[in-house]
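Look at the two complexes coming up: chain A is in both, with chain B in one and chain C in the other.
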Partner chain A sequence: MTLIHHDFADQMDRFGGNTALECFNCGTCAAICPLIYEHFPRKMIRYLQLGAKDRILENAKELWRCLHCGLCSRTCPREADPGEVILGLKRYVVANWRKS
Partner chain B sequence: MSSETKPEEKEEKVGVYICYCGGNISDHVDVEAVRDRVEKIPGVAVARTNMFMCSDPGQELIMEDLRDGIVDRVVVASCAPSLHEMTFRSAISRAGENPYIYEHANIREQVSWVHHGEQATDKATLLVSAATAKAVRLKPLEPIRVNAMSHATIIGGGIAGMRAAVDLADRGIEVALIEKSPFLGGQLALLDKLAPTREKASELVSHLASRVINHASIKVHSCTTVEHFEGYVGNFKVGIKKHPLESNAYKEKMKMLNPVHKSAEAFIPFAGVYSGPVPSAAEELVIDTGVIILATGIKSYTPYQGEYGYGEFPEVITLSDLIRNLAENNNGGSLLEINGRKIKSMAMIHCVGSRQIPGIHPEDASGHLNEYCSRTCCSALLNASNVIRETYPKTRVYEFYRDIRTYGRGQEELYEQASKNRVVFIRFESQEAPEVSKNGYSDEFPLLIKAKDILTFGEEVEVPVDLVVLATGVEPNEISKIVDMMKLPVGPDRFLLEVHPKLRPVELPVSGIFLAGTCQAPMDAGEACSGASGAAVKAAALLSRGYVELDPFVADVDIQKCNGTGACVEACLSDGALELVEMEIDGQKVQRAKVTPAFCLGCGACVAVCPENAIDVNGWTLKQYEAMVNAIVAE
Partner chain C sequence: MYNPKDIIDLIADNVKKTRSPFGIPKFMANTWWKNASVARDGEALLFTGLMYQFVPYIDTTTHYLERYEDTGWANYLHYTKYLPKLISGTGLALMTSGKEKKRSGRILQDIVKILTKSNVDFGYKPELDDYSGILLYDLGDQDGFVRHAENVAANLKSAGIQKVITVDPHTTYALKVLYPRYTGKSFEVKTYFELIDFSSHNGSRRVTLHDPCFYGRYLELSDVPQKILGKLDIECVNVRNSGEFTNCCGGPAESISPKLSKEVLGRRVEELQSTGYPIIAMCPICLANLRKAGAQVEDLSSLIGRYI
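Let's turn to the complex of A and B:
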């Protein structure tokens, strides 16, 4: 069960990568990502969209798989900038992982 | 019309025209063989073939033979008569002949599409022979011409009814606008900022209603219902009843009327435009009218007790409730406030009472399931979400949807805008609808919505909320009485059914009755106006000549043979089509059957029961049938 935290998207503003709500879940980023790993980065972006911060902290390790090649950001049809969102999530996790 | 005593011995000259239909017919029927065989039938003057008889050169073949006097009866063997009978009748008219000297043989749907080889050719020959035998006995007929009153009756005073009324009145046609409530504006008056432009519904309604009320050619009958209906195109009689306020259900809205409104045609929010004094006593009237436009509209779906917590939790409301709250409460804070509660987080649930699926959704009390999409709720909901996010930035909005259908111009942008406004979308499968329950985690948010979210790969999400808004769909208004009186076709979805969705989109099979707006299907206000203007144009075109022409295929009494048994009158299915009248024959007063052609359906029930064979249907006489049967069983 994933509990939704209403203010999460706003909290993310200070970490950068606040474009996740532009995403309409098409999956282009996951298809183009060279990691080919379990819907990465789409799933992470979805967790951010929802405000499922527990899920993000639980799966934080996945964020560090990202090579920052930029393919997802270049192909995103909504300019949601997934690469930048992943970077922002890394900053968030670094700032918060001890608290959880 | 040709005289009844036309000498039988005169040779009719039948022209037979057989179509290849570009292979549709000729791939299975040996068209040339059929031509060779029917050419030998007595009475056939000429038999020709063509690749496409309906083409201009094909029609020209027929017209030339008629002009040259080679033929005076025409048989075309081609597709179904529903497709091209009118085409060929009009070709005959253009050649200067009577269009009813025509008979159609269907050798495509009834032959080449279902039979093959030798048998197909044989059956085609039989059908053409039968048509030829009938053609020999065809008489020129004249269409029945009836006067049409330059008057239209419109049932329903919503946006569609008002639009049609103004359009017709501007064309110089008198209009009676019948509205059951004391207010004009219908469902549109219950809305506020319309998607996608946020135009005020009140401005649209006020603008049209003021034109309606002040138009010299429009008479508004408010608090009025339709009680009685008879007549035919051009000459309908509509019996109406005006109700005093005690007997109807608009007391709450009437309270909103202050003396200012009673004198002017001002808009009263969430009621409409008061169109004049409420009758003090019941009164019945009959309106003589040429055409009728139905604009009976829709109502909002009411969720059943417990549907997404509706009726169980006060925090669960409908989209209509929300729209009204948004319009009436403007607290100016950064949080939306509904019923005194500050809304930090709210859920919008799509498709409530729409796109219902048998086996998943329960039927309503009368066994109905709304399987259609209500079409307007997605845009209305997104519009409301955007207004909330832009006006109350601290209020979070979650939309739970099955599919987003922002189908119209400028409506997909609402979805884009909602994304920009940080509205969160959660998608569910129809069989796994979100559950609304009391929030067990904290007192901060009273309700919790659980949903299996497709967009999070089927993970269950829980959203704590202060408010749940149900995007209730629409249902057609209950008009079974009118449907029964006017014998109107109703679709399985309970909306009225037009003759053809593309070719005759605002017409009903009953000539002179038209459709406007949402009684036909869920529509937004713009589409309802398009439909209404279409119906108005069709109605005006019909009335413009001052008369209408009806097909002459109606019963005809042979006074010489009739001896007044009255069997035909008893058998007649159409009220008013047949009656016994007194007349004088050879100095004696006798009863004889008389047909009122405009009422006659041409069904032939009277022909079957007459012991004297004194009644026949023009264009389909017993003699013609006999000749057709003889042709089929010959040899």
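Let's turn to the complex of A and C:
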């Protein structure tokens, strides 16, 4: 069970991860990612779309696996820019750490 | 894997207090120019962003991070930010091999020779050469990055700098794309290899280029080194993942998880070595990482420097 925050994607605007809603979860990003790690980055983007803020904060450490290499953004068929969405989530989490 | 918060807090604190992510005072890290024949003034400023200079310190730091990753000692990393910067920075400098520092310096000296041979009107002012802050950006410390970038950009602008020559992909991306976006200050930015203007025909050879992500994808510059090497009768043998679809060497993960970095590196090295030709890197992070894997690799500038 997790609490859904309907406005989470809007909150992400100021952190630069505002293209997440373009994603239709095809998994190209997870398939091309050099990390070959579970469903990264797709799973994180799905949490963002759903507004599952707590899930992102619980799994925040996973975000820093991202190499910011940009391969997912280059190959995304929806131009959802997954690499920048992950960077936006890192910014969100860092701001959250600093606030608390 | 280390706690990202500990790493980010440490790096942010180092940059804030010393303008260096490793806490090394600039006068200790940036000494290559003392043995280079380079003018102070010119139409463009050579701006290294100190990335090549930091490579030996990155190697030392990663060596220790690798040793203590996923052990109980990793939790103590958090406390290192309380050490006085002069002590931690000097300590790291003393633990780092002088031979490696000289090797990094030679790359920058080669770049100076290449630019001189190409009749580029440029100068170097060590007091204006600063770290770009790119690591803070990549780690998601946006406020820390913008604060540092504003400072660096303001220094350059107040010195009347308009044109900048960069030497690594991360600094190039920072100055060309991020500084205008986040500091409102723009410069005319070119990498040193875009300015190369000479050819040589001393026998042909083949190499494998490892395109760094930021040149290959973010800045779309991969074709330039290939053309330059072509003028030196050097053929580039491409691997499947090259140009805009190049694969990462794993370097960006080495502070958070040396283990993860090694995994990604292993896959990339295998691919690059499949051609059987020496590997050429264009990024200090990639260069150091590929060397760590035992690959036969050198920097693009070292290769071109031999053709002068």
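A few comments on the model shown:
Assume the second predicted complex is superposed on the first by the 96 of 100 C-alpha atoms of A that agree within 3 Å, B and C clash if a C-alpha of one lies under 4 Å from a C-alpha of the other, contacts with A are read in each partner's own complex, and residues count from 1 in each chain.
Note that in this section contacts are C-beta pairs under 8 Å (C-beta built on N, C-alpha and C of every residue); 3 or more make two chains touch, one makes a residue touch a chain.
None of these values were measured; they are calculated from a predicted model.
With the C-alpha superposition on chain A as described, chain C and chain B fit side by side in the combined arrangement. Using the contact criterion defined above for the overlaid structures, shared-chain residue A:Ala52 touches chain B, although it does not reach chain C. Considering which of chain B and chain C touches more of chain A, the answer is C.
When the two complexes are overlaid on their common chain A, residue A:Met44 makes contact with neither chain B nor chain C. Of the two partner chains placed by superposition, only chain C is touched by A:Arg91; chain B is not. In the overlay built on the shared chain, the residue A:Leu3 is in contact with chain B alone; chain C does not reach it.
When the shared chain is aligned, no partner comes close enough to touch A:Cys29: not chain B, not chain C. When both complexes are overlaid on chain A, the residue A:Cys69 reaches chain C alone and has no touch with chain B. Per the superposed model, the minimal spacing between any CA atom of chain B and any CA atom of chain C is 24 Å. Listed in rising order, the residues of chain C touching chain A in the complex are 1, 3-5, 8, 138-143, 213, 217-218, 244-245, 247-248, 250-253, 256-257, 260, 264, 267-268. Chain A meets chain C in the complex at residues 15, 34-35, 60-61, 63-65, 67-71, 74-75, 87, 89-91, 93-95, 97-98. Within the complex formed with chain A, the residues of chain B that make contact are 344-345, 396, 398, 419-420, 422-426, 441, 450, 453, 455-457, 459-464. Contact residues on chain A toward chain B in their complex (touch as defined above): 1-4, 6, 9, 21-22, 24-25, 39, 43, 46-47, 49-52, 78.
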